[in-house]
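Mind having a look at this structure? Questions to follow.
Which chain is which? They are A, B and C, in the order written, and residues in each are numbered from 1.
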Amino acid sequence: MKYDVVIGLEVHVQIKTESKMFCSCPNRYGEEPNTLTCPVCMGYPGAMPVPNRKAIEKAVIAGLMCGCSISEYSKFDRKSYFYPDMAKNYQISQYDLPFCLEGNIKVEGKGFSGKKIQIKNIGITRIHLEEDAAKSNHYAACSGVDYNKAGIPLLEIVSEPDIASADEAYAYLTNLKEIMQYGNISSCDMEKGQMRCDVNISLKPKGRKEFGTKIELKNMNSFRAVHRAVEYEIDRQAEALDEGVTLRQETRGWNDERGETYLMRSKESAHDYRYFPEPDLMPVVFTKNDIDNFKADIPELPKAKRERFISQFNVTEYDAKVLTAEKAVADYFEKGAEHTKSPKLLANWMITDLLKEISDSGLNINEIRVTPENLAEMIEMINKKTISGKIGKTVLSEMFKTGNKPSVIVKEKGLIQDTDESSIEKYVDKAIEDNPSQAEQYRSGKKNVLQYFVGQVMKQSRGKANPQIAIKLLKEKLG
Amino acid sequence: MSSNITYKSLTQLADLLENKETTSEEICSEYFDRIEKVEPQINAFIKLDTEDITKKAEESDSRRKAGRQLSRYDGIPISIKDIYNVKGQSCNCASKILAPYTAIYDATVIKKIKEKGFIPFGRNNMDEFAMGSSCENSSYQTTSNPWDLRRVPGGSSGGSAAAVSAGEVPASLGTDTGGSVRQPAAFCGIVGLKPSYGKVSRYGIVAFASSLDQAGPLSRNVLDSAVLLDTISGLDKMDTTTVRDKRDDSHESIVRKSNENLDGFKIGVCHKYLEMDGLSESIKENYMYSIEQMRELGAEIIDISFPYTKYAIAAYYIIATAEASANLARFDGIRYGSRIKDYKDLNELYLKTRGRKLGDEVKRRILLGTFVLSSGYYDAYYLRAQKVRTLISDSFRETFQKCDVFLSPTTPTPAFKIGEVSSPVEMYMADVFTNFVNLAGICGINIPSGLTKDDNLPVGLQILGPHLGEDKILKAAKVFEDNREIKEFIPDL
Amino acid sequence: MNKQKKTIDVDYIAGLAKLEIDESKKSRFQEEMQNIVDYVDLLSELNVENIIPTAHAAQMKNVWREDVSENDFSREVMLKNAPELFDEGTIKVPQVLPGEGTA
C-alpha cells in the first residue's frame, strides 16, 4: 500500500470496586434499572461527590503497570456536555493534571489475522480517572435511561498514534486487557461494557511527515470489531485518497452487521466542553514515598508469571501460556496447585477438560461450581488410582453440574476403581470367551489386539476396573 | 401572649420552655398568628405547612414532658430558605424549573438542626437559585422589607431576613455566596453570619457557586447566631470541602463570656471607603460612628488599605457564574422538576424547558458563566479571576496579621425601592463589600448599627475575621451589640 | 493594557448552555452581557503573572472515602420526582442515538 496508517486508541475501562466513584452505590452489573442509584449519581440538587480512594489507587496502579509517571499533584475537572446519560450534564473527569502521564506498553503476540506481529512499544499519552455515564435503552421513538452504571469509576487510557495496522491495534488491546486484568483493575468484560474502545485513524502518503485527516471511530463492541472497523476504514480512506477526495475530520460509527462505518457527526459540531477545576473536590497530592509504596503493590505481570509457572510447577511453555492468558485462570491454577502433588496433571486437566467445559457453558471461571480445591482433590484420586482417568472425566462433568466434592460423587455413583483381582478376572474371562477369534489373533502374535481386550474389560466393568490389573491378567490368560 | 413570644430570641424561648412557661405548640401557634397578621404585606414565605409543624411541635412537647428533650432548644421553630433539601418538603429555589420537586433527603445542616429538636418552619422566599440582591428575582413573589414595604428586603436570603425582622420566626437559615445572608440582614436590621468556607457542610443545599457558598444563620442577636453556628457547623463526610475546627469552647459560650469592652482588640478599618463612589451619606456617617464606638469600647483602630475592592466584584462574577453555569446544568427536565410538554426532540426539550422555566437573571448568569469558560476565553476570564482571587486572599492574610477583625459597611446603601435598580451591573454593586469575603473564604457578620435619619431604615456594620476566626467576630459583634445606641431593631408593623 | 473589545455571540453561548432566548429579548441580553463583560474586563489592569490560581477557599488535599457500598435509596424514591417513566423503571427521554453518549 502506498499509505502509512496512523492509529491512536482511546480505551475506557471500568474499575472494579465495591462502590461507585463518587457515591456509595454498589458498582454492580445486571441489576434492575435504577436500583443502584442515589442523589449523587442521579445528579440531585444539593448532592455532592466524595471520591473513592480505592478507585484512585487502582488508577495509579494501572498507570504504573503501563509504565506511566505518576503526577505528584492531580485534580478533578468538570467537563460540560448536555446529555441524558450524564446526570449533572457535566462529567467529573481530569483535564490538564491527570494521575498518569507518558507510559508505554510492549506489544507482542498475534494480531487478529493470526499473523505474529513484531514486538513494538506503543506509547501511552495519559491515563485519567472519570465517572461512567448512564445506560440508554433504545426504543422506537424514545429512549429509557438507567443510571445504575452512572458514576462507576472509569479509566480513560489514551495511546500515542503509534499503531500502524489493524493487527497491531488488536494486539495492543489484548495486551492492555491482560494488564488491566492482572492488576485487578478491571474484569474487562466487553459484553458488560467494562472495556470500550474508540479509534483515531488517519492515512498519509508513505514517508510523509504531516498527519492526514483524523477520523474517529466509535461503537465497536469487541476486539474483532475494532480489527474489522480499522481494516474497513483503511480501505475506505485509501480509496478516497486515491480518487483525490479530501477527507474531512469526523466521527464515524461502526455497524457490525453491515461491516461498515457510517458518519455520526462532522467536526463542525465539535464540542466546547468548558473544562474547569471541580470546586467540590480537593486536589490529590502524592509524595515520592506514596508512589514508591504503590510500586510495591504492583502485581506480577503475565510474562513473569509464565516463567514462574514453568520453573515452579514443571509445566510446559504451552501450558504456562494457556494458564496465564487470563488472570482468573492463573489464580485458579495456583490455588489448585496448593492442594495436589501433581501440578502438571492439574494443568493438563484444566487445559483439556475444565476450560472446554467452561467455554461450552458460556460461563467464566469465577462463576463455575468446581472449586480449585475440589479439582485438586480429583487429581489426587487419579494419582492414587482411586479412580481412572476415564472415570475422572465423568466425575469432572458431574462436579461441573452439581458442585459436589469428587469423593462424594465417586461414592454416590459407585465409581471407585476396582482393584480386586478376582472380580476383574471375571471380566477378563468373559472378554476372552466372547471373542475367540481376537484371542486367536493375539496368540498368533498380533500383540496390539490386547488394547481391544482392555476396552472390552473396561466396558463390562463400566470403567471401574483398574486397567493395569486387567492388562496383567489378560496377558496371563491369553498366554 | 403574642408579645411574649414574637420578638423573643432563641435563648429566651429556650428559657421559657425550660421553665415550663410555654410549650412548643404554643410558640408555633403564636408565630402562625403573627404570620397571618403580617405575611400579606411581607410575603416572606413560599410555603408553610402548619399541620406538619404542629405535629412536630406536639412531638417535641411530649418529649420534653418525658424529660427526653433533644436539647434545650427542642421545639423551637427555624424557618428555612427555599434552597435546603428537607426530606418530604418541596425545595423550589424560588424557581419554576424545580416545581414540582420534593426533596428525598435532608441536607446535613437540616439533619443537624433536627437532631437538636429545632423544627424546620416553612420555606422562605429568595432570589431564584440565590441569584440576586433584592429578592425581586423570585419567580413566586416579591418580598417586602418590614421597615418600609415599598423597599426590598435584600437578597438572596431576603425571605429569611424579612421573616426574622417581622417577628414571623425567631431565626432562619440562609445561604451566602456573595453576601446573601449579610446584605439582607443589613437591609432588615438583624444579625446575619457567613461562616468561613468549609465550616458548615454544603451537602443538600442546592449549589449556586460551590467554591463560594456557605450556609449561615439570620437571627435577632449575636448570641442566637452563635447557637445556630454551633448547631450546624462541623466536618461532614458527605462534603469533602468541610474543615475540622478543633475548639475547646462552643461559640455560644464564647459569646456569653464576651466582656463589656474590647480592650486589647485590634480592629482594622479602611478610611478610603469613605471616598468611594456610590456610598450613601448615611452609610458613611454610620461607618464613622461605628469606628468611634469600637474605639470607645477599648479597641485599637488600625487603618488598612485594601486595594482590590473594585476588582473583587469582577472576579466574583466570573467565578460565581462559571461555577453556576455547571451547577445549574442539571436542571433540565429529565430526572426531576419541570418538563415542558411540546418538544419534538431532545435538544428542544432542553432549550424550551430551561428557556421557559428559568428567570432572566439566572439565564444571564448562566450565559455569562458559559461564556467565560468557553473555548478561547478561559485564560482571559476564568483563570485570571482565579489569580485575582489569590491576590485577594493574600491581602486578607496580611490584613489579619495586623488586626483581629476588619470593619466595613455591609452595604453601600440602605434598602432600595422595589424596581429601583434595573441594570445588572448596578445591582451587582450592592455586594461591593460582601463579595470579596466569599472569594477569600473568610468569615463575616452583619450587626445592625443604626437607622437612617430620613427614612428610618436599618444600616449594618460588617465585621470580618480570618478563616475560622468566628470567635473573634462574634466577640466584637457581641460587645458592639451590647453598647450600641439603639438596643433593639423592631420595625413598626 | 490591551483593552480589545470582545463581542459575545449570544446564540452560540445560549446553544451551549441549552437556553432558549426569546427573539425579543436577545438584543437586551446581548447588551447586558456585553456590559458585564466590559466591566469584568477591568481585571486586565492587574498584573497576575506568576500568581498561582485559587480554586478553593480552603486549602486541603486527599479528601476521600473508603470503598464501601451502601444502597440507601429505593428505586421508588429515586424515581418519584421523574417527569416521565417507562414501566421497566427507566426514565423516558426523547430518542438518543446509540453511541452518541458522553463517556
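As a working rule, contacts are C-beta pairs under 8 Å (C-beta built on N, C-alpha and C of every residue); 3 or more make two chains touch, one makes a residue touch a chain.
What you see is a predicted model, and the numbers here were worked out from it, not measured in a lab.
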item	value
A-B or A-C - the one linked by more C-beta pairs in contact	A-C
Chain ID, smallest distance between chain and overall C-alpha centroids	C
Centre-to-centre distance between chain C and chain B (centres being mean Cα positions), rounded to whole Å	24
Chain A and chain C, separation of their C-alpha mean positions in angstrom	38
Intercentroid distance (Cα basis), chain B paired with chain A, Å	55
Where chain A touches two or more other chains at once, by residue number	39, 42, 50-51, 80, 82, 84, 145, 272, 274, 279, 281-282
For chain C, residues that touch 2 or more chains besides their own	16, 18, 55-56, 60, 63-65, 73, 78, 91, 93-96
Multi-chain contact residues (two or more partners), chain B	101, 104-105, 211, 237, 240-241, 325, 329, 332, 334-336, 346, 350, 370, 374
Chain B to chain C touching residues, read off their complex	100-102, 104-105, 196-198, 211-212, 237, 240-241, 243, 310-311, 313-315, 317-318, 325, 329, 332-339, 343-352, 354-356, 358, 360, 363-364, 366-368, 370-372, 374, 377, 380-381, 383-391, 393, 423-425, 428, 438-441, 467
Footprint of chain B on chain A - complex, ascending	39, 42-51, 78, 80, 82, 84, 87-90, 145, 272, 274-276, 279-282
Chain C-facing residues of chain A, complex	12, 17-19, 24-27, 32-39, 42, 50-56, 75, 80-86, 91, 130-133, 136-139, 141-147, 154, 218-219, 253, 264, 272, 274, 277, 279, 281-285
Residues on chain C engaged by chain A in the complex (per definition of touch)	16, 18, 55-56, 60-75, 78-79, 86, 88-103
In the complex with chain B, residue positions of chain C that touch it	6, 8, 10, 12-14, 16-22, 25, 29, 32-33, 35-37, 39-46, 48, 51-58, 60, 63-65, 73, 77-78, 80-84, 91, 93-96
